[in-house]
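The structure under discussion is supplied below as structure tokens; questions concerning it will follow.
As written, the chains take the letters A, B, C, D and E, and residue 1 is the first residue of each chain.
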Amino acid sequence: MGRATTPPAIEVSDVTFSYGETTIIDRISFQVEEGEFLSLIGPSGCGKSTLLAMMDGVLKPDSGTVLVEGRTPSTGEGSRATVFQGFALMPWKTVLDNVALGLRYKRPDLSRTERADIAMEYLEKVGLASSARRYPRHLSGGMQQRVGLARAFAVQPRLLLMDEPFGALDAQNAEVLRDEVQALVEQEGRSIILVTHNLDEALQLSSRVLLMSAGPSTIRDDVRVELPSRDSPHYAARYDEYRTRLWSHLRDEVETTRARERNAA
Amino acid sequence: GGSGITSDENGRASVRLASSITGSSFLAVTAGIDQGIFDKHQVDLKVVKIKSTAEATAALASGDADIAAALTEGVIAANANGAKLKIVGNLMTQDQHILYADAGVKSVADLKGKKFGVVGPGSGTEMLAKALAVEEGLKETDLVYVPTGAASTQLTSLVSGQIDAAGLVPPYDSTAAERGKVEVLRYRDVFPDITPQVFTTTSSLISAHSPELKRFMAAYTESAAWVKAHPSEAVAILQKDARISAEAAKAAYEFAEPDYSTTGEVSIAGLRRWIEMSKKYGNTDKRLPTVDELYDPSLLPGSP
Amino acid sequence: MTTTERLPPLAPPRRTAGGPGWWQRRRGLWAPVVTVAIILVIWEALGRAGAWDPLFFARPTEIWSGFLHLTDGPLWSDLAVSGQEFALGMLIALGVGVPVGMALGSIRWLYQSFDPIINALYSTPILVLTPLLVVWFGLGIGSKIANVAIMAIFPVIINMIEGVRTTDPALLRAARSFGAGRLALYKDVTFPAVTPFFITAVRLAIGKGMIAVVVGEYIAATEGIGYRIRSDAEAFNTGRYLAGVMIMVVISVLIMSAVKMAEKRLTAWRPSISE
Amino acid sequence: MTTTERLPPLAPPRRTAGGPGWWQRRRGLWAPVVTVAIILVIWEALGRAGAWDPLFFARPTEIWSGFLHLTDGPLWSDLAVSGQEFALGMLIALGVGVPVGMALGSIRWLYQSFDPIINALYSTPILVLTPLLVVWFGLGIGSKIANVAIMAIFPVIINMIEGVRTTDPALLRAARSFGAGRLALYKDVTFPAVTPFFITAVRLAIGKGMIAVVVGEYIAATEGIGYRIRSDAEAFNTGRYLAGVMIMVVISVLIMSAVKMAEKRLTAWRPSISE
Amino acid sequence: MGRATTPPAIEVSDVTFSYGETTIIDRISFQVEEGEFLSLIGPSGCGKSTLLAMMDGVLKPDSGTVLVEGRTPSTGEGSRATVFQGFALMPWKTVLDNVALGLRYKRPDLSRTERADIAMEYLEKVGLASSARRYPRHLSGGMQQRVGLARAFAVQPRLLLMDEPFGALDAQNAEVLRDEVQALVEQEGRSIILVTHNLDEALQLSSRVLLMSAGPSTIRDDVRVELPSRDSPHYAARYDEYRTRLWSHLRDEVETTRARERNAA
């Protein structure tokens, strides 16, 4: 820590968080280096979205610290963007204006048309250019999710936080957009946190997978994904190894939760 | 707030009159403006119609008016509560109310236990009604006093049978008569010389602007004389101002004509009677002003 | 690919067979006209049948001739005077009420400290305070503007408070996450979210403001439509005074229609009223 | 499994270190009291400094002694009379206004036909119609109840219309899909969704109703708090008449607090006002 | 049709639907037999949710007919239940009351406590018994989705319409709930329509997969899934065959849409 390197993209130290009396996150610590692509997986309701909100500066930990690029994140600051689980599109803004939302705040130097041009470019990337003038309520679920993705991509954030961003998409659209995310990560210094419930997505996209336990959640497993090239004869075996390991841990956790539920009932 | 009476280089004074008085009782002012009598006296008169004596008092206090036409009992009550208002003259010499009631009612005594309409609780109409009851041999509590609000609502209430009797002023009396109500008596026959409406202003305005106010009073009394002398023109002016029919205007004029105040002088006995009634029937426990404290005749024509 | 070879539909398909009829499509325009016409006919008929004493109430035809009478007089300058009082009062009510309501709705300590005060002021009958209005604002246009502003500001504040409190926190959070400052947050999230409440507030304020003009001119006036109504009412010129009232009513309905048109543009994103 | 072996946290963790202070936690209760106290002190000081003519306005201490005077008189029976007028009028305003507003907000042709009529009636100054009220409802309690009902019903109708129109169509659809009939739809979806608008409506109606009681008793009454206020006002008993006004104001603030408590229970599902 | 058999669970004949000027669904016809488990797949925004809404009687086709058990469906009638894509939970009802919602209308014969008991039973099945008294806004996305599932299961519908019901769930929870769905379908006479973007989910659960084309959508492919038992040596091959076929069609459709978008832009 005392060394004169760039600070880690994210540093979570001994973080605890509760909603009222219920402890959701219990003394979690981990670090994400600049340029890393981290997937967060865990049983439904374990606290993944909550953790993401703390990285975004929206929620504050009860104890412990969350640092982004060495500083306490506060809303609106820094070069971050989030894809929300519930999309959170402004119903009163057109699709185009929704995508331009982040640009308005983060790039006040640009003119209105410049911002619209950038927004349009990203709408094209998510395949929604022809819906630019419509309102969110006129879009299907998957289309809304893509607007949320375009909005986050458009600000070209150094840190991209994504909460189940492909959940409502068909396989092909998801594929195309995963490529977009890959392209983003290949640029210098971009870090990505992806919350997902899809093990394959996590393994194929990310360089590291963090598995959270059932609430109050801790870190159950931390897997550095090092796969050989897809053509390699070892690829399938390694992939399966990772997958089996994560799968069994995840199953344990879900079973713990369900068992606890049964006792509660 | 305003800046008091202003005079231009020719000595013309602009005077703002706040008035809660309308109709035939106000005719001398209306006619005086119409006939240029105020102009002649170098008074640029601006009239603002207001809701009640309370607003008149407020307007005088805040300097938004220079003189007010208001109800006598209101000026008494304001003084009792610390206002420094002086009565400087009257509009009418005698009360204009006529008691109307359902057909068959011959006297106030017939109204025992009946509903008598008054403008508001503790208002002058209520005081007069109570005094009337006592004067006509009943106890004060023998009538039920029902506040109905504005004079027009009294007519409405009477005609629609909500109340059994009310003191009406012209031209409402003719409507009541049309609907089968009958005249029982005229207040001025029972209470002669009770001045119903007065001009009032503050002592400080009197001392600061005595010449201008004097000119105003002179113009008013001259108007009153003109009104008495020119019946047909006066009726026409009243008809236009009050937006009533020619017949109603004529009847109202004829009823009011004897009482237009050509001297502006307030009857001391009548004023004393008002103070007495305020003490007996009014809703105040404060010390009431004496006639001397209340009345300042120095602005009247002919006074030094 | 087969999709591109699909035949286009022969005619643009519509929701219901044959599409909505002429009446359906123009109903928004004609329905109120028809309703008003029906009401007027019944009103006139009842009047002719002697359902009320003509001293207190008038038939539409009597009101119409009262209206013609009014147009002979200084109607336009009366309306100009009253309109000015109304416009300035509303400007104050909205200009002060909207930010105050939004601040009270979004800042907890302000809300806790001042909500009861707002309620208290709101339920104070302004009628009993008219002498004060005269003292503070004079007999001129000032006291009438104050009257309009005081009467119209409370529906605005109260609706805005409730509207702000109803704003979806997920949207606020998203905007903040993308870097919206306090002002941008109001502009981009709170205010649009509050629009339905704001529209209601404006509608309520217009009605109140209209009434306040009349009431204000009752307190003290030399001209204005309220003054005219009052003098006709006191003289039992029922047709004429109801014509004055109708003029006020029609004007405020027109203003409200304008507001509704503005609303349609402001809230194009909202689904329209369901069938 | 490791998860079950994890040590429990030593102390229940809280949002902020140390937790909110005494003041923070009780602020909802004390903030308005403190604000009112500050206002009273400033008010009294200004009065003593001669900021206004005591003829038109009074200091809190004068109002207090006016209040003591009032309690000597028939204050309780006055309040009982006025309370009855208020309660019955509000009952009518809510009982009629809520269903009418919900119907107008959800049925398009009704809305189109009657919305302008509602606006028209709402902007009719009731003051100019007092003769009619007297004729139709008499000088007794009827005209005051009518006064309260008429003044209070419009905020209710207008807020309910807007509330219904704001209801999330996805929720309506879900309830219908699960078999909700028209009534159940109102009960389970529309009404809860409208609650914030309803609460606003009730608040507005209470304020209006209170004023209507006073105004109504100005017109015609032999008792009631409005009657008392008026007779003191006519006699320039400023302390006493302001005490009467304050009684009304305090009562309506109390009623509104009760409404707010009811709101908290009705809308436990809503996030509370943000910091 | 003239035969004296039970009518098909669903009969869609020549259905067209547009929102305003935009035609979404273009002369679609198909039938679902009683007891069938049909998956609907198609590119995002092609009209799957719209089609489902017509089966639910919420939307009416512009032309053509949709019949459910031989009758025009109208809202509230019949033994249907829907899992909505956007969950559509009542924010003002507790989780338990949300689950009991359908029972209130469909089973007025039951007492309040009986309904609560049934609702509780289904909440247990989705692993949320301990959240029964909370409000939806206190739940995570996946938890809300499970409440939506429990609400639909609780009425034990003869026709279950599900719009991407596992999209927000972790793999294990989805697994458990898929088993619930299986259990439901094994009962006599239950039919299920599942909208999904997950090919594997479609192949593993359903007996038939309908692939919709990009809008204005028609039916691009109709696959009757006949897989041997999982232990069979032929299983993997057959599975892959189906998967490849659907995948390639789906890719075509998504590409068509994206190409059209590019031209529009």
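Just so we're on the same page, a contact is a pair of C-beta atoms (placed from the backbone, for glycine too) under 8 Å apart; a residue touches a chain by one contact, two chains touch by 3 or more.
Because the structure is a prediction, the values reported are computed rather than measured.
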TODO: Check every other chain and keep only those touching both chain B and chain C; list them.
DONE: D
TODO: Give the label of the chain whose average Cα location is farthest from that of chain E.
DONE: B
Task: Pair of chains joined by more contacts [C-beta pairs], A-C or B-D - done: B-D
Task: Inter-chain centre distance, chain D versus chain E - centres from mean C-alpha coordinates, in Å - done: 47
- [ ] Just give me the whole-number Å value for how far the CA centre of chain B lies from that of chain E.
- [x] 84
TODO: Go ahead and note the Å separation of the Cα centroids belonging to chain C and chain D.
DONE: 20
Open item on the list: By the touch rule stated above, which residues of chain C touch at least two different other chains?
Closed with: 53, 56, 131-132, 135, 218, 233, 270-271
TODO: Hunt down the residues of chain E that sit against at least two other chains at once, touch-wise.
DONE: 86, 253
Task: Residue numbers of chain B (touch at least two other chains) - done: 54, 57-58, 61, 152, 156, 160
TODO: In the complex, go through chain B and note every residue touching chain D.
DONE: 52, 54, 57-58, 61, 74, 77-78, 80-83, 115, 120-123, 144-149, 152-153, 156-157, 160, 162-163, 282-284, 286
Task: chain E residues touching chain D - in the complex, by the definition given at the top - done: 53, 56-58, 75-77, 80-82, 84, 86, 88, 90-93, 101-102, 104-106, 135-137, 151, 155
Open item on the list: Per the contact definition, I'd like the list of chain D residues that touch chain C in the complex.
Closed with: 27-28, 31-32, 34-36, 39, 52-53, 56-57, 105-109, 111-117, 119-120, 122-129, 131-132, 135, 154-155, 158-159, 162-163, 165-166, 169, 172, 196-197, 199-200, 203-204, 206-207, 210-211, 214-215, 218, 226, 229-230, 233, 241, 245, 248-250, 252-253, 256-257, 270-271, 273-275
Open item on the list: For the complex, give me every residue of chain C touching chain A.
Closed with: 170-171, 173-181, 184, 188-189, 192-193, 195, 267-271
Task: Parts of chain C lying in touch with chain B, wherever the complex brings them together - done: 53, 55-56, 130-132, 134-136, 138-140, 218-222, 227, 231-237, 240
